[in-house]
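Got some structures for you, see below.
Two complexes, one shared chain (chain A), two partners (chain B, chain C).
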Partner chain A sequence: METQQQDETVLREPSKLSFESQRTRRSILASYWIVIFLALPFWWHTTSIERLSLPSARVRAQVEKELAFPVTIDLDATNSSLDIQSLKNDFRQLQKPVLLSSQRWKGIDMQLRLKEDRGTQVVPIPGTYSVAVGKAGALGPKRQLTISENDVPSLLEILSRLVAPYHTSVDSDLREQRVVQYAARYRLAFSLLNEDASLGQTITGWDVDNAIAEYLSPTLSSLSVLHNFTIESQVQLHAPLAFAPQPVTVGNDSAHGLSQEDLTVFINSAHWTLSSSVSNDPVLHFVLFVPSSTQKPLYILDDFGSPTDSSSFLLPQWGGVFILNIAGEAADKLSLSRSHLQPVFSAFRHQLLALLGVPPIPAGMNLVDDDPLSDWQLDAVLRRRALEATQGAQETLYSIVKLVEQIDNMPVGQHVKGDVQDALTALEQVYKVSPSSPTLALRWSSEAFSLASRAFFNPGMLALLYFPAEHKYAVYTPLFASITFPLVVALGREILAWWRDRRQQSRR
Partner chain B sequence: MLFPTYLSFLCLTSWILTTVATNASQDGKVREFFGRHDGTSGHTNNWAVLVCASRYWFNYRHMANALGMYRTVKRLGIPDSNIILMLADDVACNTRNKFPGSVYANSGRNLDLYGDNIEVDYRGYEVTVENFIRVLTGRMDASVPRSKRLLTDDRSNIFVYMTGHGGNEFLKFQDNEEISAFDIADAFEQMWQKKRYNEIFFMIDTCQANTMYSQFYSPNILATGSSEIGENSYSYENDNDIGVAVIDSYTHYILQFMEGINKTSQTTMHDLFASYDPSKIHSHPGVRADLFHRTLDKALITDFFGGVSQAEIFPPEDAYPGMQSPSVKPGDTMIDSRIPSTNGSQLSSPTTQGRMFTTLEMDSSWPISLRKWGSMTLVGMLVAWVSLKS
Partner chain C sequence: MASSRERERFDEDLHIRPLRDGKVASTFSFTTLLQDASPRDPLSLAYDDESQHYTLFPLALGQILRTYAITELHLALNAGKWRYESWGFPEEPGVGTGAELWAWMGDGASTTIDERWQGLRNALAGLFCASLGSMDDQRTTSPFLTFTPEGSLPNATLPYRLRHATLPSEHVCTENLTPFLKLLPCKSLSGLARLLNPHRLFDADWHGMSVHVTWREGQGVEVRLIFQTVIDPIRNSGGKRRDWSFESLFGRVVENRCPVATTSRVRIQLPSEETYAILPDPTSNADNIATYDTSVGQDPLDVSMRWPEEYAFQYQITALDLPEIPLTPLTLQRTLIGSSQAQGQLSIVIQNTLSSQIQTIYLETMPWLVQLYIHTLQIHCNGVQRNDLISNLSYTPSVPHARPAILQSVLTLPPKSTLRLTFDITKSFLRYTEHPPDAQRGWDLPPAVFVPIISVGNRSDVLPRLYTPTLLVDLATPDFSMPYNVIILSCTLMTLIFGSIFNLLTRKFVIVDLKQGKEQKGS
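Take a look at the complex of A and B:
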């Protein structure tokens, strides 16, 4: 029995074997190819980059727009020696297109309303500025301004200075480089640095809490419509300079001096740790530097090498430094009280305002009510910051659209698209609220700017790396060649066999 | 009846940017007038991104290159918070290092570059192409700490230094991946679009380094590299006790030049490029200045390697009451015009050795097409062979 069965197997035709049957072979081959074809869409989907379409038309339309703040000034001219006709002429001069198109007047739409007769009632518009002629120049609350009789001839000059204090000249442009970039939050780092405490006459402590509360807090709270501030402070006992100040002689005493060049390299960043790195908020540094007893007194020198009266200087966009020389007869260990710190913090306050771009008030003006800042100044900063933020948001959005068009490998995800759309909505809000409130305009424009920046900095926006074509061959050839050739060759053989079969059949 | 009479002057509508062009020439004139500010770059802060793209003990010299640059920019006033140092950092504490915790860049081992105050921001396997691109473009996860970020703005001058093994338009990162010249060019363009720099000084020390800056297209970039296409960059010398090459030739001569610079130096980029000597470096360093808007003899070294460029006395205050007051009498002051010196120790000692150690680098001067068609022919031959056999 067994041998018979074996013989049967041996004698069977090869073409009759189940795995050699044409049908089975072709279906196996077909299944491979079907799997490949079915997998193609998946492969395409998983390897292609997600590039959602951005609202480019809206962005382009938005970039064309220009923000303008109306500034309406009511001038009470009833009670003074104001020469109305010449004022009108001067104002027309001011409105010459050349002047208006300047960087200074960009985004400001100034209107002047004159109240010429005593009986007339000016309909008050919310947000208008009122100007009157009085005894002394004063900036009052609620956007009031009193101008003294002496200043009347330069009335327009003063108004322009208050309304458009920036970019008044190329010289001031250079000076305004010191203004820091806008951020909703800043960290203020106050450091008391003793150059070398081991040499005696050390300041071991300072009443920084109360000094800040008294000299800085009022200013900070009026600036709170613009920024939030976090404050940190520290005392260091050994903070050496990286250079030796040059010895000078003042009268009969020897002293040390810092030249202009020394000031630029004064901060010894390699050895001083001036701020903690707990957050990504920009930091403004304020340094109270106490020279060691061998270096003191330390003066700032002018261009001719003679000591100046000033003891503080400002580093653009970085912060300020105050140099404190301790008197020779002072005790070995000192602590600075709140009143000692008054000049220091007054200097720091000025430096802070300069760094934040708050314009100074024109000469001869005073602030009433001991307000740290007037509405005129705050509004000017708000307008400038809102303009900057709007422009920044527009430019960022435009650059996102441009880069996505330019770089094919750059993915655009849902978050980016959403942020771009939100930024555009916020920008539209800016235009809506700008006539009524610069504060709201700033809020919306900074919102738009931070959304646009978030879209730009989205971690998913990282473009795929560039690979030359030869790299792709090098990667794909060993991987796919070994799979593709048997399949292609088998397919070719099957087609050839099928074609031969057909020809033989047709011959018969 | 008197009706209210208003004079309303409508005007100051908004203006489009047409004036920018007219103001520009005026700006230039005024800047020229400000003697000292002549040709200044208008930056207020300096940043440095230093990348050593190699790892392993035998690439000691690349670590030393990056650390030498780190030491130089720090000495010239860029604070650690503004330096992004990407370093494999596996040589200082390598078991093969006979001088643990130290990295030297010369055969006499005069100066320990590792020192006691060094902040490596991206270490070991964090040194990747992706992280480098993320640092440049700022596209980071929200959780990335401040020290790992390049927080620059449109007033920042950035010095980008790269070293490692490279070839025609690519630089290898840790034997694992590559960055191409196109990637860096695109990253710089994205930085420009987002106003993340004022000016960039790009320096690269690798084989065929000059190809790495060939693809740049964004403005205000000054670039220099150690060698031309098809040319290797060689190491300068090796130390017999350390047992490997300690520094690359190009970087060695750059650092040697920088040792003569202090924080207030007026030396310019022109002087630096003029100091290149191909016969000493054993390769032909290149400079690309067509994207840079200033002339090289106006661009100071300290514009990129230094700290602050300007300071103003502000506000003019009276002396501190109760403390010593200056009581200045301008007539009777005498000035000692001693120049403050901040020179560090000399990095390099005069050497009698010539070329000690040439490195084998990836050679990609092969015609690209030959490689491409070679592989295609091979594939074709395989197909033919299979079909013939059947």
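Take a look at the complex of A and C:
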């Protein structure tokens, strides 16, 4: 009995120890849980994806809108054989809703104002087109048009061709697929390619800067409302073809020919260093190809395999090629002078206009004052480009909004939001300026399009797209599950103990 | 007919030198001169550039030079180790292993020097299919003492800046040669470039290509494209003879000439004390150099050289106590000492073989992953500590994850002496994402560069640059193969520690009376 008494004095009751008190234990447990709860907002903040709200209502409203350029034509019908009544009827036919909603008349709001007798004064509005009947068909400066008496019956047809030259038929749809995408600046790369210089009759130089100055510069400067151009040129002495042209006979002479299929693979980009990597501006290539003395003359063949007169062809959205066959026995080394280059550069000029989507003048019309391009043509391109860019910007913005709504994990940063807002502002500017100036409308719409594209291709949008929730759990569970378990169990035990204590107390 | 050819001039040259160890060093150089042209004024970068029309000058390179207003540019891509002691100085000094790019640019433009340097790197990377884009701030330095401009710098009122970067782990292969050849007016289809046959070139003991753009006052902008090789004819002939010909070296002969080359010549260094035969007869022969003018003849040219009296080539095996006389005034050795992944020592041994004093500029570039301790620098000359032999020391310490360290100084080497420099280094512990794809291989350190200056009387001759071989440093590398296992293992460890501490803190101790329990059981 005595030993047992001694034992009890040595073994103190554990709950009486300072570190074993219920209070200390509970405060330790509570502090763990408090730290966890305090850390939760930090965890949430550091792992959540930044998703700023996009102005989707504005974007949706913007998509509904349609751009329309008013085109007002003043027709001087005072001293001519114009049948005004039938003209009015025809015009009413043209204004049918079915026609107006077609691809061709989209975005164009054509108005015809007739000056029927000398007395009435038509108030001139800036930007209107004036049409008069004269001796010969001519496109004058300052949006003027003179049509000959013979063309009077087809007046409306000519006007439509000038005002809405695009999407007139299935054929023209195909032609318009050649047009390059709009860019504010293009690089024009002129390349003189000798197929094989070591075989003799090499063209080692060309007077390219003077030829460009004389045959191209006027066109380029009138196109400057649409695009800026950077010009570069090079000469290559070895530019082999990737295929062997088929031998043909022309008269009694043997020659070589390029079939229509050959033309599609003509550019040997593996061996011809044509592309420039230094800037992001799109490049339009113009290639003057000189066949080697063993391959010349080289002709373009038609579908039936017989040579054609044409020596140039256009590659859609890429550029143009001119094949130059040097005549007969020429010297070993040649240099092309400006006058030699005249046919080459006039072909290049036509190819450039086709690539940029400048409509041709209707048959029977001429340009006065040696103007390279008329205001009618330029305005048509401006309207078309502005319309394309506006539609492109609207579609891109709509895609961004839809994509962000669909994918919950997609981050939307400040840059994307800012770009979308700026694009919307620019689009609103387009609608504001489109009645007065197609040039300004194009500038704003292309800015809107580039901003919208920049937002769409923002690399930040992709950041967490491919990091699914399963991966997150796989990384979290080994740590969190095994830590949470003792915490929860300890908490449960304490609550149970506390509840028991209370019940015992109340029973007493 | 107008001639625009006079503005541009193209010359090609091939220099072949039989080496004393039986190998053959060949240097192709293709020079295009854009006469009366000048580099773009950096101030004009704010405006549109004028139209560029080139006939012989490579347009792709011209565009890059114009876009970033580069005054002088040197790019070298080499593979292998140039052995100075038995091969002597190379024709073109830039022979450091891997890629090296340096450029002089005028300051004061609307874009900063570093933006232009970045653009230049990326553009050249695209042009030459090399990973030059990774020569970022962590590799870029400005060692203006060692890399002085080779041409002239226009408009001296503007400050000019140098940017230099090396990429020692860059491998050079066909994908770099193809764009290189496309810059030549005749490509590799005619002229001397016909001999640049990738199958043979990349089989060589050493090969390297380089592009040099300089501006020469009064002449114009000059682009030199250089290809150097060291080919071993003994290996190709079954280990016997060192005879060579174009056909045996390159697998091709010069068939037809490049029509636009103003001059096109082959120069062959002739041995001075041996009997040899060379075919065909050279166009001219002076100062032990046989010259062929390939623009004269029409027949295919295949130069061959034979040693008729020699049955089998025997390399001079010299006695151990009589080492071979090196062909350069300095021989260099650079090594990393120490097996640990944390610490080590860098040791450089320089030997002056001349019987006169040599001064040399010494450039050491260290990426931040190897930290250099400049206070531990020790210099021993023939075993005696001589700290007075180093002068003009300038040192920029590295910034971790941002900037390399650069050390430039001038060393004085007494006649016939051996100098030994040592530094203590520590190796960094890298972040997970900073390791390269093949992390276990280690990191290549860029070569050190020496520029010997020999003073004779009042005149001092600056010799071409000498590059030491690159070094490989082994850093602590994690196991990249099982990241998920690593996550689970470290989580388990964390949980174990957490669990035991938490348990200790919240455990409730109670007394269990064992005796009482027994009594209860017994009764």
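Structural remarks
Going forward, the second predicted complex is superposed on the first by the 439 of 508 C-alpha atoms of A that agree within 3 Å, B and C clash if a C-alpha of one lies under 4 Å from a C-alpha of the other, contacts with A are read in each partner's own complex, and residues count from 1 in each chain.
Assume a residue touches a chain if its C-beta (ideal position, glycine included) is under 8 Å from a C-beta of that chain, and two chains touch if they have at least 3 such contacts.
Bear in mind that the values here come from a model prediction, so they are computed numbers and not experimental data.
Of the two partner chains placed by the overlay, neither chain B nor chain C lies in contact with A:506.
Of the two partner chains, chain B and chain C are each touched by A:279. After overlaying the two complexes on the shared chain, residue contacts for A:107 are found with chain B alone; chain C is out of touch.
With both structures placed on the common chain, the touch criterion links A:350 to chain B but leaves chain C unconnected.
In the superposed model, more residues of chain A are touched by B than by the other of chain B and chain C. In the overlay built on the shared chain, the residue A:47 is in contact with neither chain B nor chain C.
Once chain A of one complex is fitted onto chain A of the other, the partner contacts of A:337 are limited to chain C, with no touch recorded for chain B. Judged by the document's definition of touching, chain A residues 277-279, 340, 474 lie at the interface with chain B and also at the interface with chain C. Contacts from chain A toward chain C in the complex involve residues 11, 13-15, 17, 20, 25, 28-29, 32, 196-198, 200, 202, 204-210, 212, 228, 230-238, 271, 273, 276-279, 332-338, 340, 474-475, 478-479, 482-483, 486-487, 490. The touching residues of chain A, when paired with chain B in their complex, are 66-68, 88, 91-92, 95, 100-103, 105-117, 119-123, 170-171, 173-175, 177-178, 181, 242-251, 255, 257, 260-267, 269-270, 277-280, 282, 296-297, 299-301, 304-318, 320, 324-328, 330, 340, 343-344, 346-347, 350-351, 354, 395-396, 399, 402-403, 406-407, 453, 456-463, 465-470, 473-474, 477, 481, 485, 488-489, 492-493. Those residues of chain B that touch chain A in the shared complex are 2-16, 18-20, 23, 26-27, 30-31, 34, 37, 42, 44-45, 74-75, 77-81, 117, 129-130, 133-134, 137-141, 145-147, 149, 151, 153, 155, 169, 177, 179-180, 182-183, 186, 189-190, 193-195, 263-264, 306-324, 326-330, 332-338, 340-342, 368, 371-372, 375, 379, 382-383, 386-387, 390. Of all residues in chain C, those touching chain A in their complex are 1-5, 48-49, 51-56, 59-60, 63-64, 67, 123, 126-127, 179, 182-183, 185-187, 189-190, 256-260, 484, 487-488, 491-492, 494-495, 498-499, 502-503, 505-506, 508-511.
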